[in-house]
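For clarity, chains are labelled A, B and C in written order, and residue numbers in each chain start from 1.
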C-alpha cells in the first residue's frame, strides 16, 4: 500500500496514464479461496447462471480480454496470453496466492464488504483483510437478516423484532444493503407499511414457508418493511440498481422508479447509494444531482465491460456533483474482478481528467481533487470511515 | 450581434473551433436581476431544491467547472479561477451588468421565453430584450393559464372558458408549453377528454381547492383537457421531457410514452417540440424521425453537463432529420446558463461538423447548412419567426 | 465475392480501414426492383410513414449523408454529390442495375430474408440470390402465417392447425421472426396460453374479423400462442426490439420486458435473436450475457444512424460474449440500405478492433477472430448454415 499512499495524483506508468491514488472500494463481496476448475472460474466470471452455448467460450468476452490483458502480468505472464494458459498459471500459483497478488494490485486501502451472499466459500471480512493487506468493514444485507430472523421466529415475532435484529446485526457495520431490485423491482410505494400491513404480509409468508420450507423474502410489503427498518438505523443504505443476474428485470431496476422514496426520505438524515446503475447511469446521475442524500457508482460494469468500462465511468461524471460519485468494484469471488475494476477505473478516470485538463475544463489541481473525492474522500465522508 | 451576423459558418477562435452563427434560443426563461447571495446563486445553479450535503459544494460539478472555464473570462477573470473568486467578481460587477455581459456573449438574436415559472424575480420578455440586445418572443405555459383561470372561475366556467382564455393569452405568443411531465407523466390517453369528463374532473378539482386554497393542476383529465385546448390554438407546443426538478419521475417523462398522442395528432397541422430529452435523447430522435410534426432539442443539459454536453449534442444528431433538431438552452435565472449553453453548443457542434467533414461524411457546405438549420433556420420555420 | 473471401481480416482500403471479411446478413428483407420516383425513394429511406414537413427534405439526415457518401461512388459518382444528382443517376442506371451494384458492394455471402412484409414489390429469396450473386435463406414471420391461416379457417381450426401450418411453412426456412413488439409490446406473460385461452381469444378475433374484414393479429393471447407455436419448431426466433415504424411504442419494445420469457424457455433448446435493439442496445447486451440462448444485433440503425452508426456497434460490444453478437442490416427495399449497413459495419468494427489492438486490449489474432465471429461464424453456428 505504501507506494500508492505516497504517489498521490495522476501518474504516468509504463503502459498508460493511470490515477495512482489509494482506493476505497465501497461495495464488494468476499473472495473464493478454494481451487477452482476452469468451469467454476467461468461461472464466477459472469453474471449468468449457466455455461455458454456449445461451441462457445464465455470468456471470449470483454471481461475475458480484461483478464488476459490486465491480470496475466500480475500472475507473471505476458499480457494477452491465451485464456487457457492464464487459467493454468492461476492453478500453478494456487488460488490463495493468485488472489493475494490480484487483490494487492488494486491499491485499495479499504474494502466495504456486503456479507449477504449465501456462498459458504466466500472469505469473511477478517480473512479478506489478511489477504488484501487492507482494512475491511462490513455492509449488512437487510434481506439476509430478515430471512434469518424469520427462520427462527413467528410471524408476529418477525414483525416486532426485525428492527432490533437489524440494529443488533449492524452494530459494527458501516452500512446496509438492499436487494429489492432482485426480489420485486422498484415499483413500490414510498411509505413505511403499517404494523398491521406488515403483520398480514408476514402471516402469509410464514404460511407459505410451511409448504416451501424456506424463507425467501419477495413480498413487496415485507421488502418495504425491511427497508424502513434499515432506514431507522440511520446507516447508509446501498441499493442494487440495474444490471445483475437472472433474477433482475432490468426496466424494474431503473433507479428513477425510486423517486417517491427519495422524496419521502429527504429530511431523514439517511443516504442511499445507487450501485452499478448500468444501463441507467444517466438516470442515477440525475437523481444524485437532485437529491442531496443520493449517491452513485458504476461498480460491476467496471470489470464486466472490459475495454468499454471507460464509457460507464464517463457517464457517471456527466451531471452529478463530484461529491456524489464513488468508486466500487462489486467484485465477488475472483481476485480478477477486483484487479480489473481498479485498473480500469485508474486508466479511465485518468483519461477523462487528462482530457478535461488538456482541453481547459479543469486545472491539474481540480483534477486531482475530483479524483481523490471519487477514489476515497466521498466514501470516507458518507460512511464516516475516519471515525 | 453584428459580429456574429457577419461571421457565418464554422470559425476558428483563439481557444478552440466553434460555430459562429447567430442562435435562436427556442426555449428558455427569464433572468434574475437581483443581487444574489452565494447560496441563492447555488440554488439557481442546479435543478435540486436543496443545498448539497454538509462538507460538499454543489458547484464542484460539471456545471461549476463550466462556469469557471467559460464565464470567468466574460467577467474579466482568468479561466478556472476558484468559484469563490468568480462569485465575488459577479457581486463586484453587479448582477445586472454581469447578466448583460453573459447574455450578450451568446450570440443569440432571438429568445423564446416560457413565462410560466411563478418566480417574481424573473425578467419579462421586454426587460430580457433590453438586457440581451436581442429580440424576445413569448411561449405561454398552458398549465399557468389554466390555474389562473381556475382561481377566478367556477368549475363549469373553467371548462367552458379555457379554450378562449388560452387563445386570448397566446394571441401575441409564438408557442405554448406544457409541463404534463412534471404533473403526471406521459401515461395519458391520447384522446381529447369529453366535456362531461372534463366537467367531472373540474368539479373534483374545485372541491379539493376549497380545502387546499390553491389551484395546482395535476389531474390527468384536466391536464389533457388543457393540452387539447392548446392543440386547438394551432401554435407549436413545447413539451418538457426527461430531466428536470424533483417533481419528475424520469421513466414517466420518457417521450416515447406519448406515441399514441403523436399518432392521434399527426394530421392536425400542429407541431410538438420535445425539450431537453436527456436521458431519452435517442427516443426523442426516433420520434422526430417517425413523426413529421415532432422536433427535439437538448436544452438544459447543454449547460448542466459541462464538459460532457457534447455527448447530448451528438446523440441528438444520430437519427432525426436535421430539419427536426433545434437549439435551446432552457436557461433560467442565471446569465451563466445562457452563456454556458451557447458556448458548449458552439464548440460541440463545431467538433461534430469538423469530424464529419474531415472523415468524408459531409462537405463544408453541408456542415454549414446543417449548423444553420439547428442554430436558427428550423426555429424560424416552425415558429414562423420571420412572419 | 471471390475478392472478399480471399482477403480475410482487417484490411486497409483507399479511404479508411475496414474489415474485409465475408458477411452473413442474418436479418433483412427483399429489394424493390421497380423504378422509383423521388418520393417513393424517400418513403423507403425512412421508417416514417409520411413525407417530412413542407420546406424540408427527409434526406437531409444521417442516412441521406450516408447515401451520398457511400453509395454515390458505387453508382459512379463523386462522394457527396447532391442528393438530386444521386437520384438522377440511380434512375439513369435503372433500379435493377443500381440495386445489383449496391448489393454486390456489401461482400455478403448469405442473406437471411424475412419474407413477412406484405409488399408485393419485394424480391423473393430466389430473385434476391440472383441479384446479389449470393446465397439466400428464408426467415418465416409467425404473424404472417397466423393471419394467412386465419383467413382460410375457423377459430377452432386456427387453434388446432397453427402449429402444423407453421411447421409446414418453415420446413425450408432457417428461422422464424415475431413482431410482437409492433402488435402489443413485450408486456406479456411468459407462459404458453392454454388451448382454452387460445380458443376464446380466437373466437373473439374471428367475430371481430367479420366486421373488419381482415385478420390482423394484435391480441396478446394469440400473439403468445403464435410465439409458442414458433418455439415448438425448434428454429431460432428473431424478435423485433426497439426502433421501428409508427406502430412501435418504444418503451414497450425494451427487450428486458421479455426477461420472464427468457427464463421460461432457457432449457428448451431454442434461441432468440434480439434485432435492432436501439436505444436498448445495452439492455440487449446484458440479456445476451445472462441467457445462453439470447443473441443481439444492431441492424437497421447500422444504416439509419449514418455517421453515428459506430456508436451502436460499440454499444453492442460492451458486455455480451462475442459469440452472442451478429451482423445484420435489416435492409428493406433499397439497395442503399444493404450497402450503407455493410460499409458502416466494416469501418466501425475495424475502428473498434484497431483501437483494442493499439491500446493493448487484444492481439491482432483476437481481433480477427472476434470480427469473424460477428461477421459470419456466429450466424453459421446458430442457424446451422453449413448443414
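We take it that a residue touches a chain if its C-beta (ideal position, glycine included) is under 8 Å from a C-beta of that chain, and two chains touch if they have at least 3 such contacts.
To keep track of the chains, here are their UniProt names: A, B, C = Amidohydrolase-related domain-containing protein.
Note that the structure is predicted; figures quoted are calculated from it, not measured.
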Same or different interface residues for chain A and chain C, judged by whether over half of the residue numbers are used by both? different
Angle of rotation relating chain B to chain C [CA atoms, steps of 5 degrees]: 120
Rounded Å distance between chain A and chain C, as computed from the means of their C-alpha atoms: 37
Residue numbers in chain B touching 2 or more other chains? 251
Going by the contact rule set out above, which residues of chain A touch chain C in the complex? 15-16, 46-53, 55-62, 64-66, 69, 79-80, 243, 245-246, 248-251, 278-279, 301, 304-308, 311
Footprint of chain C on chain B - complex, ascending: 251, 254, 256-257, 259-260, 263, 266, 271, 282-283, 286-287, 289-293, 314, 317-324, 355-356, 359-363, 366, 369-370, 373, 381
